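In this document, chain identifiers A, B, C and D correspond to the written order of the chains, with residue numbering beginning at 1 in each.
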Amino acid sequence: MIPVGVVGARGFVGGELLRYLLQHPHLHVAYVTSDTQAGAPVAASFPSLHGLTNLTFSQFDAEEAAASAELLFFALPDGQAMQHSPAVLAAGKKVVDISGDFRVRDRATYEQWYRREHVSPHLLPEAVYGLPELHPEVREARLVANPGCYPVAMLLALAPLVSRGLARPGGVVVDAKSGVSGAGARVGMSEEYSFPAINENFRAYGMTGHRHIAEVEQELAHLQPGGNEWRITFTPHLLPITRGILATCYVDLTEDVNAPALTALYREFYARAPFVHVQDAPPEVHHTAGTNRCILSVTVDARTRRAICLSAIDNLGKGAAGQAVHNANLMLGLEETAGLTGGALWP
Amino acid sequence: MIPVGVVGARGFVGGELLRYLLQHPHLHVAYVTSDTQAGAPVAASFPSLHGLTNLTFSQFDAEEAAASAELLFFALPDGQAMQHSPAVLAAGKKVVDISGDFRVRDRATYEQWYRREHVSPHLLPEAVYGLPELHPEVREARLVANPGCYPVAMLLALAPLVSRGLARPGGVVVDAKSGVSGAGARVGMSEEYSFPAINENFRAYGMTGHRHIAEVEQELAHLQPGGNEWRITFTPHLLPITRGILATCYVDLTEDVNAPALTALYREFYARAPFVHVQDAPPEVHHTAGTNRCILSVTVDARTRRAICLSAIDNLGKGAAGQAVHNANLMLGLEETAGLTGGALWP
Amino acid sequence: MIPVGVVGARGFVGGELLRYLLQHPHLHVAYVTSDTQAGAPVAASFPSLHGLTNLTFSQFDAEEAAASAELLFFALPDGQAMQHSPAVLAAGKKVVDISGDFRVRDRATYEQWYRREHVSPHLLPEAVYGLPELHPEVREARLVANPGCYPVAMLLALAPLVSRGLARPGGVVVDAKSGVSGAGARVGMSEEYSFPAINENFRAYGMTGHRHIAEVEQELAHLQPGGNEWRITFTPHLLPITRGILATCYVDLTEDVNAPALTALYREFYARAPFVHVQDAPPEVHHTAGTNRCILSVTVDARTRRAICLSAIDNLGKGAAGQAVHNANLMLGLEETAGLTGGALWP
Amino acid sequence: MIPVGVVGARGFVGGELLRYLLQHPHLHVAYVTSDTQAGAPVAASFPSLHGLTNLTFSQFDAEEAAASAELLFFALPDGQAMQHSPAVLAAGKKVVDISGDFRVRDRATYEQWYRREHVSPHLLPEAVYGLPELHPEVREARLVANPGCYPVAMLLALAPLVSRGLARPGGVVVDAKSGVSGAGARVGMSEEYSFPAINENFRAYGMTGHRHIAEVEQELAHLQPGGNEWRITFTPHLLPITRGILATCYVDLTEDVNAPALTALYREFYARAPFVHVQDAPPEVHHTAGTNRCILSVTVDARTRRAICLSAIDNLGKGAAGQAVHNANLMLGLEETAGLTGGALWP
């Protein structure tokens, strides 16, 4: 068993990460922190994990973290992992950062979208964008930037088209819908996430300026033959469910292709990706709940020559904690699917 | 009090129509039919209306219908109103048809999208598309085709842009999301609309071929200066709520405009439309529940030169029964808002 | 139109009260207060009421209140109406208090359950418990204590049995379940009412000590022939819905009666109560949403000689705002059902 | 790996059983049947299990079943396992029956509550009621009757009180609330379980005559010192959630005890029960979702001398499939918790 630590384990992502890790066949949670809950038992914060752990939250200390674990998961708000990572890496340990700190490789682009100075820019060149389906070099990384939840859904939906040059840069619209847990710590602190405000309701938010656009455009440029600059339109919406993202991606096609050909392309593209499932029917988000799975389908609107790519994930699974475990498995030389083989709850 | 009738009153739309009509200051429900419930009290089918009516369902009979009421609402499945309307109209009475039978003016287009022969094509030229904000001639009509629920949301969102030539035909994508009641009678007969199949779930359906496309493209061509042919991409999705539609419309702009200018344009366009409310913030569907209201917002994604127009309605209100009452008010010379002034339930 | 005022109109009850009052045929909202929103338009707090009102919130001032309106609704937290009522009453105006301040007639009992000194004990003798089905003297009252939401459901369910001496004092258990809006202002301020904490969840709360017990035991003693002291067991639970209460009342019977006899008794007891509907089938809370209706059913468990009485209301309707309007109608000599005739939304 | 089979695997319980078994460290699913899906891949019926199994449904055949597996789970409608079990047992294999066929030991009582002749009454004496916390003899059984979902929740809540003689027979009322998946196969076939009929709604059903009463009264008599006859009042309700039961049990106490003493008693009673967790706060059903866990709390209403015992389970977990795996583990000599150690999803 390899010791790992979870820094900032009190939130939705931290709790889900613990759920995966406490069942993991090769990883052992040796260190867990929460600044507000330091000294309290983990199970008091997560009755859902009762009986599975006797762990107690610590106050974060970089030295103690590095001494306790081979790999640290940072599940902290934006801006903190970039402060703590250098010490942990210097001690020879690995980092999976679930915040946005290391996702955008270009420092100026980062600072423009995040409106914050990057305090560890020297680490940006080596940070690997942790979507292993597109970045196999995760296996060799010591610092992995776990992708945003929306970007995971979008990029897996768009990658096959973009990498074959079938998508017109400038011709991509992503209409995405997320469950409430995607809002993270804000959920408990604001009337707008109270039950009566969400229940029987639906709305868009964060129009035209969501930070996740930065990492998606970076990755699309990386995928596109020739590497053009990308500009996408992205609109997130808030679903009255707890978990799950569906991204509906509209793509102006550069050549005439039909749905069966595209579906075949997607199946081939993800043939060796154990967590990506391509199907003919539109995916349902509930089929991903509690898993690290992404379900994709693609069709063509022949009348308007657009592809419509649909992507479903659990925002806390493939969109956060499951993805982090997948990255850790690869970084530590373990079986890619270790600890991630459970099915979704149905119904 | 003017006597009206509801033909096919047992479904979701029929029930909502009765709820509006039983409170209407100038209309009186004189005739209600349901072939499966003929002879039974209306309140037995709608406990929600208990104490409000002693009506009993009849078996539909065109002669009796015309004798009982000045105006008939047809809330029947597609294909039936076109059989029954001629007799009712011949008797000098008016018709609001809530099915798709008279929405598409071009017979060939109708038959292509609906895969059914039109048995009353002689009535198509006089049928008015019942969206009064775009068709004031509803006031003079004797046969009104109540629009589809999705088209109401989309057309009100797109009309100001299209009528000013600001939208590129071919450059419109509509991503729409509807509550389950939009599926109508199918809801009670299929596992796919059972609670466990919908709850905590979300999915797209009817990809690329939804019938509502036909009427939307017809109306956009009507609105557009010059009257180009239109082709839109439209994807409906199923929300885990009972009522409400949000349509997110992406429009390639033909010139540079900013969000405040577009918002001003929308406010002006709908200045005399009592049921359309333009606001700065993205609309929430719950604010329309139980009303005939449409809430709109518009913004511009300057990076991609697209407008994003958001439209929220209650699919059973402005998307069906409320709209039908609005049309009836106009056809009968009543105050436009009569019987439609109630607020939404909040929370 | 009679001018009325709503003091503390920003909450769930205040908003629902405005929704009823803005449609009322004989009442006119002349005065609305919110200390936190003073100066802001009412429609900004309630998008659900957009287009229905141009009112602006005032800061509460007793003199201004009394000058503006014939009757004041107090929708304030416990402890405030007892401070403000004397001035309003002294000015010759009437008061419907929706808080708990005047529900318990015995000062000592009040202070024991509410753990607060009563600052206007001289008004307790004249305050009428505002459940008109049991207290017709509401018509003559100038100060009415609108009942708690749970007590409305329970008392209407129990009254026929208790008033006939069919219930064993000491033999009553009430298991009640409420939607989240019943928690009022706390909802927006606590993680425990956030969507993820409520959705797909269910729990009991406030075990054995809920304040509503006090008013229920007072009213049962009043109903019971001979006027015994009552002790009931009451457990509230939190439903993952926004509106609605179902109270399941278990009653040890003092004699052998069967279900049809009890149902007949209930029908007779409520024969002249326009808002109470007795039916054979168990009531569903959704049939009361948005209305002032109470739906009752009663059955007998012959094996254990218990009656099981079921009662459904909308906690914001018959449980708060609808009830308040009903009381006001009676106090002002209006038709009992004025402004309260709308049906429930279905589905 | 020990081969097991699931007979009738297409339903909610069958699917959940497969989810547990496909992750089980010592059990191997060798045989799966569905009469309606015979020949089709299991993953086509359960997209939630995609990638976890290549199994295909068979048509049930007792000989093939017995040849394929050491233990068969019957997840069939009532009345079928009693037909098929004799052949399987005769072939030397073991049976866990999840239907009601073998839960009631007394044939006459069975036939009275189930209104059906028992075709294998000779097996009733050896069938063990499969609640291992109360029946450790499950370890030696070859035929186990998996308990009903409601009885699991109730019996675990009541057992400590009843076994110590603290509960008055005749003085027990159970008010239970279940998620929709508890209705099983009916859910897909009836309008009453459609999303709009359940959402934002709540109701009681099956008043006074639910079959589960029979097994509960049998087990209470078994637990009670002296073995009195028991009569309980039991009312089930339908929650607008997919999974979970909360049973609120009201018990007339035979002596004065306080809440801490009862909580201590419960903790001691379940000290060696790995799936039962006693806590001070009222349990929440969501903390059990996807697990075999039962969470209990107990308090005392001193004013009425009643204990209130609360019990939360996942109706598909401890209430069905998880319980079945627990029983199988014991019958096959495996570690009691094997395959059942996963935490609940939170949020």
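Quick note on the criterion: a residue touches a chain if its C-beta (ideal position, glycine included) is under 8 Å from a C-beta of that chain, and two chains touch if they have at least 3 such contacts.
What you are looking at is a predicted structure, and each value in this text was computed from that prediction instead of being measured.
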Chains touching both chain A and chain B, listed by label: C, D
Taking each chain's C-alpha mean as its centre, the one farthest from chain A: C
Inter-centroid spacing, chain D versus chain C (mean Cα positions, whole Å): 39
Centroid distance [mean C-alpha coordinates] between chain C and chain A, Å: 47
Centre-of-Cα separation between chain C and chain B, whole angstrom: 37
Multi-partner residues of chain A (at least 2 other chains): 12, 181, 196-197, 199-200, 240-243, 284, 286, 289, 347
Interface residues, chain A side, partner chain C - complex: 12, 180-181, 187-191, 193-200, 240-242
Residues of chain C defined as touching chain D within the complex: 170, 173, 175, 177, 196-197, 199-205, 207-208, 231-233, 235, 237, 239-244, 246, 248, 250, 282-286, 289, 299-304, 306, 308, 310, 312, 347
Of chain C, residues touching chain B in the complex: 12, 15-16, 18-19, 22-23, 46-52, 181, 199-200, 242-243, 274, 277, 279, 284, 286-287, 289-290, 293, 295, 341-347
